[in-house]
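Common to both upcoming complexes is subunit A, partnered first by subunit B, then by subunit C.
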Partner chain A sequence: MTTRKTEIGGYPSPAEWAKDLNRRTVLKGGVALAGLSAIGVSCGSDAATEFTGAIGDAGGALTIGSNASDPAPQAGLAAVVGSFPNENVEVTINTLDHNTYQENINAILQAGEDDVLAWFAGFRNKFFADQGLLGDISDVWDQVDGLGAGFLAASTATDGKQYFMPTSYYTWAVNYSKSLFAEKGYSEPSNVDELLSLADDMASDGITPFVFANDGQWPIMGTFDVLNMRINGYDFHIDLMGGNHEWTDERVRNVFSTWESLLPYHQTGANGRTWQEGAAALETGECGMYLLGTFAASASEALAADMDFFNFPEIDPAIGAGALDAPIDGFQMIAEPKNAAAAKELLLHMSTATAQDAYLSEDPSVVASNSGANTSVYNDLQKKSAALASSATGISQFLDRDTIPDFAGECGNMFAEFIEDPSKVDSLLSDLEEKKVAIFADYS
Partner chain B sequence: MSLDESVTATDHDVTTPVTSHEREEGRRSHSLLTGSDRRTLTLMTAVPSFLHIALVWIPAIGTFILSFTNWNGVRWSSLKWVGFRNYEQLFTVFEKDLYESLFNNLWVMVALFFLGTPLGMLIAYILDRNLKGSAIYQSIFYTPVVLSLAVVGFIWRSVIYSPGQGILNSVLGRTEPGNQIDWLGNPDFLIPITSEYGLSKNFMALIAAMIWVHVGYVMVLYLAGLKSVDPNLREAAAIDGANEWQVFRQVIFPAMKPVNIVIMVITVITSLRVFDIIDVLNNPIGTDVLSILVTDNILGESGNVGRGSAYGVMLLLVCFGFAIIYLRNAFGEED
Partner chain C sequence: MTVKRWPRVLAHFFLIALAVVWLVPLVGMVFTSFRPYAETSIDGFFSWPDSMSFDNFRNAWDRGDMGQHFVVTIALVVPAVALTLLFSSMVAFAVSRFSWRFNIALLMLFTAGNLLPPQAIIQPLFQIYLRIPLPEIPFISNSGELRGSLIGLILINTAFQSGFCTFVLANYMKTLPKELNEAAMVDGASVWRQYWQIVMPLTRPALAALATLEFAWIYNDYFWAVALIQQGDDLPITSSLRNLSGEFFTDENVVAAGSLIVVLPTLIIYLILRRQFIGGLSLGGTKG
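Right, the complex of A and B next:
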């Protein structure tokens, strides 16, 4: 489980969460062609296809399954496909609503209609690779240039082969409004004591220090992640996510004690508040800080223009503040693609700076994974995200990407109950441990 | 009346007059079934039977069988038989989820039965008095039933219950940071049963949304029933000196028995299969119901078909209970 030790090389970028819309869009391509090429090029298994790294040999039809249902990411992916230099490959993009796509990923993987699928790095990629549902793209990785060791680790499954091509990422940090900080004379804290005194200053100014929103029960997972990594360190966090520590462990208990002591600085009623409402509270100055992915800026243009962030400061000097959540997005190939040759060429293309520049031209909210990408067009948030991630000593993918999805859901429930009544923490943790044992046994 | 009887009756109409010899008639009408009649008959029984078996029995039995497995739904080869392990875990590891869901399903039933359904009936009764603008009121009350669930979710989450921007908190003057009411997120008990189980405040908020839909549905059904009640009954009762309540209680309500039964069945079914509104409101903590547990386990990227099926069997057992009560009543009446 500790294969994913890391620092990320190069410049990555924040992808988006809230994708709504409900339709399956076909952007490009001929359905008839798809059928023809299946006969023409197929031969499925990767053993049969020698990948040389040259783009231009393959032909036929290729289908990408995508969860990029928001306009900007959708246009971004279309731009990537547009920049694909192999004109002989007819690429079709199947876009599904974000949530629908994720809930049905199992079926999509087995249906075999889409050769290349948008997905997440780390555990959630490895989870399918271990079940034999994904195609080995180690030979593509042999040709990759400009992706750091952190990306390689996040793309490698238990068998030591690569099953993922990372294209972008975003970081989780403490977001704030520049104008509010300037107006009140606040400054970014560099350790937890400064953070607490900043929070006290805000409280005495009549500002709630932290936005707290947990509708859907995933946003505050970020708070747990960062506290655990600050208090117990990156390795412990990843091992805990991998099911290798008990949740009733004193070290986990400490995280919740610290969290409890911070709760009075947070908004009440978090469980019924959406992250967008939380972002609005940051924008209006009702609250001073918001621990969330940098996608918070996408809630409104005014916030995007006024938002800045700082890395969650260190709690234990022995551990430091080098670890953070920086979820990586990218693409994977199904186990038996209809057109493996074209799929590999496209995946290699997606790893290049050219493709990522094309993506960022449509969706500037994200940071590219390739170190050769054009950073001169980055806005301040992108530059800061990239710098933060490249200086990180440990990158985690966010709780719901770092452990079995079922178990992540149980953690989400537990956190939600904890913030309602922190006094129940011990019984909540022993329940969670019981469920962990049961759920991990299902997948062993 | 069975299928056979109806077919025979039709044969009488189209063929010769009935003879006095019953035995002869029976034989003849049998022989009068033409080839196409037989085909029709076969199709009319075979197609529904096939659909029923394929869509109801096979999935139900399949669910039952799968509840004894550990399977991620991907490949048959990864299916493992685990005996009663899933059930055991339901009552030892996941017992809070299970009991909470059973309670919540029960709360929905109680709320719809004592609040939603009577309210729908009352509205129907009032609208039946040929009020001015009755059609407009009917449309308004019925609107929630026809709205898309995405819209229903938006209305309740963002327009009504939103802590900072919602109508409810604005009307109640609870918009200040710190005194906002967290309608959908607060799992404290409104009606505690034990220290761990009870009717939570946020689930009551969800029930309000369910009632909102249910009232319109019941209203339309009841209104249709009321139109068919002979107005003379009402007049006669009034002449006998019965007041409004007595007329309803003693005359209209008993006359509406068939509609009442339909509405009762719908109320029970709705409360057992409730899923949609909870799901569109993002299933806050403390608001699980059985159908949510089933889908959460079976769907999703790490599908746990075995455990989800075990929850499904629990739901099936609860439904059986109500089906037996209903059938016993329904057949009891005919005797």
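Right, the complex of A and C next:
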């Protein structure tokens, strides 16, 4: 109770400031004094304080930090919470918009107000788990049923424990308008030569073959990802993202040569175009194809009804076309949650088909991670996404999730400059390699 | 005579061109806010409208939960402006009415503090705020510490705005005749009484001008709120506007409507207090 004295009487000494005050103690003191009931401290009921492996034993208050500011995902998460069978847990959802949330994730983790946080699988999760900022949920995974090995791997940190609960994913592929393909008699290409002749046909019909939009400098990372995985394979791509290959390597240089040869088929002025404007170009038939996540359909109802996609075709038959970007979304728990038992029960619930069915009933733009989820309600795009991902030989999370965030930003700058002036590629790549070495040194 | 007319024509031409450059985006925003996204995305923003409605405004108000965020904003701006004016008028009074060795140094400190970019101090400030506990009071300090609380936000806005206000108020108070204070002192008025009953009433025009400005600045603050508040519901209106954007898709027309709703209070306050605003500033500039 020394901290209590600190709070009430006068000025604490600098030595006391430097110490991380025991917040809970201070809170209890302060709250008791103010005559207010404590919120979110202990409940004093007989609820379990530790995860028992089943849902229904925990109680008390629980806060989820959510980045679902769009109406559909927001309603989806509310439905998941609504389907949580433990009524003794009072769940609050704290929503921040997706970009602010992402930029402030460090502050959110340090603040510790939210027990469970919406986040991304793979590297981005491991990044915080390795720093000790996340809570181990391996005991929850022991109870999980219906999540495949790929999801387990994407949820496991360097120490071999699980720190993530994957709930849904979406795929990146080449989107197109069904009506345009039918009208012009185009068909889905199965290798890069067919893709190029399709692009030539489109060009001679007066249609720009590829939408190219890069406002925010993330959308064309998808193009780099898929070209690198088609030319050098999945393992090389993941190693490159992990900082284990040089960007001046001949194999990376090849990716940019191929990209340069494809640039004439793309819209110009990509760096100033938002992806939404790009989606509009696909909708109006100004352009024929758009390499983007399936969220492209969210830009307009008309486009959603008319959109279909195909997997980016193989470039090298020895490597094939089995790898793709399919970012997995889900939830993680902070290192010291106020209510670990309830947090783990909710995470277990989120892994179930029941919870995911509830989510998808509100947001049909993604695919459930649990194999037991009800796929009969899927629309055509969801069915195709699920089939594509389940037949994939390697799934990456997208460049800005597969590497250190700072370095992803540098890649974004480099790609933007490259498409403005491809002749500068060699100096751009050696600059990027220098930045990679510096950034990876900071984090190792 | 014709020689003299040309510069005026040119000046007017320049002014009209400048006005157009300023008005096009603003009018474009107003225009867009009445149109559905599906229409502007296909036809472009500068197209003839097929349909116009208040749907975007209704949508922005509901989705952005703006009623709640306006309440937070009022609870932030009113005390912050009042405290800023109170504290800075005290410092201004001291440096302008009493000669003291550190007068200039103090004034320089306040003015220099004003030049410091907020980004430079956010990291240490965040860590300090994280370590200062508060009793958990709903709405005022939901988080139980200075970080994430309304009090923390009021404090940092007050601290950051005080520099500029001290500078303006000190300059204004210097123009008030010294004899007033001397007469009051002869009559036995205490320092507090000289401040509160002699100088403050005379400073009212400057205070009114600053109150208008400070209202707009603190109301428009985006940085502090985003950096220090982690609960979406506790954000003031300006920073909560971002909640209208989604992970990928953002309905820009709804954002335009939401921005218009947010900008209205500052516009209204400016229009009501415009005379005081302009009068106050020019009064300080011409006297003395």
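Note that the second predicted complex is superposed on the first by the 392 of 444 C-alpha atoms of A that agree within 3 Å, B and C clash if a C-alpha of one lies under 4 Å from a C-alpha of the other, contacts with A are read in each partner's own complex, and residues count from 1 in each chain.
The rule is simple: a residue touches a chain if its C-beta (ideal position, glycine included) is under 8 Å from a C-beta of that chain, and two chains touch if they have at least 3 such contacts.
Owing to the predicted nature of the structure, the values given are computational and were not obtained by experimental measurement.
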Practice problem: Name the contact category of A:277: first (subunit B only), second (subunit C only), both, or neither. | Solution: both
Quiz item: For A:69, is the partner it touches subunit B (first), subunit C (second), both, or none of the two (neither)?
Solution: second
Quiz item: After superposition on the shared chain, which partner residues are touched by A:110: those of subunit B (first), subunit C (second), both, or neither?
Solution: both
Practice problem: Could you tell me if A:438 is touching subunit B, subunit C, both of them or neither one (first, second, both, neither)? | Solution: first
Practice problem: Based on the superposed arrangement, let me know which partner A:99 touches: subunit B (first), subunit C (second), both, or neither? | Solution: second
Quiz item: Once the shared chain is lined up, is A:409 touching subunit B (first), subunit C (second), both, or neither of them?
Solution: first
Quiz item: Is A:300 touching the first partner subunit B, the second partner subunit C, both, or neither of them?
Solution: second
Practice problem: Considering only the touch criterion stated at the top, classify A:133 as touching first (subunit B), second (subunit C), both, or neither. | Solution: first
Practice problem: Pick out the shared contact residues on subunit A: the ones touching subunit B in one complex and subunit C in the other. | Solution: 104, 110, 277, 280
Self-check item: Interfacial residue positions of subunit A with respect to subunit C in the complex
Solution: 7, 17, 20-21, 23, 26-27, 30-31, 33-34, 36, 38-39, 65, 67-71, 73, 94-100, 104, 107-108, 110-111, 113-114, 275-277, 279-280, 283-284, 293, 295, 298-302
Quiz item: How about subunit A: which of its residues touch subunit B in the complex?
Solution: 22, 102-106, 109-110, 124, 127, 131-133, 208, 214-217, 267-274, 277, 280-281, 286-287, 404-406, 409, 413, 416-417, 420, 431, 434-435, 437-439, 442-443
Quiz prompt | Touching residues on subunit B, where the partner in the complex is subunit A | solution = 70, 72-75, 78, 89, 92-94, 96, 150, 157-158, 161-165, 177-178, 180-188, 202, 282, 284-285, 296-297, 299-304, 306-307
Quiz item: For the complex, which residues does subunit C have touching subunit A?
Solution: 37-38, 41-42, 63, 126, 130-131, 133-138, 143-145, 147-148, 226-227, 230-233, 242-250, 252
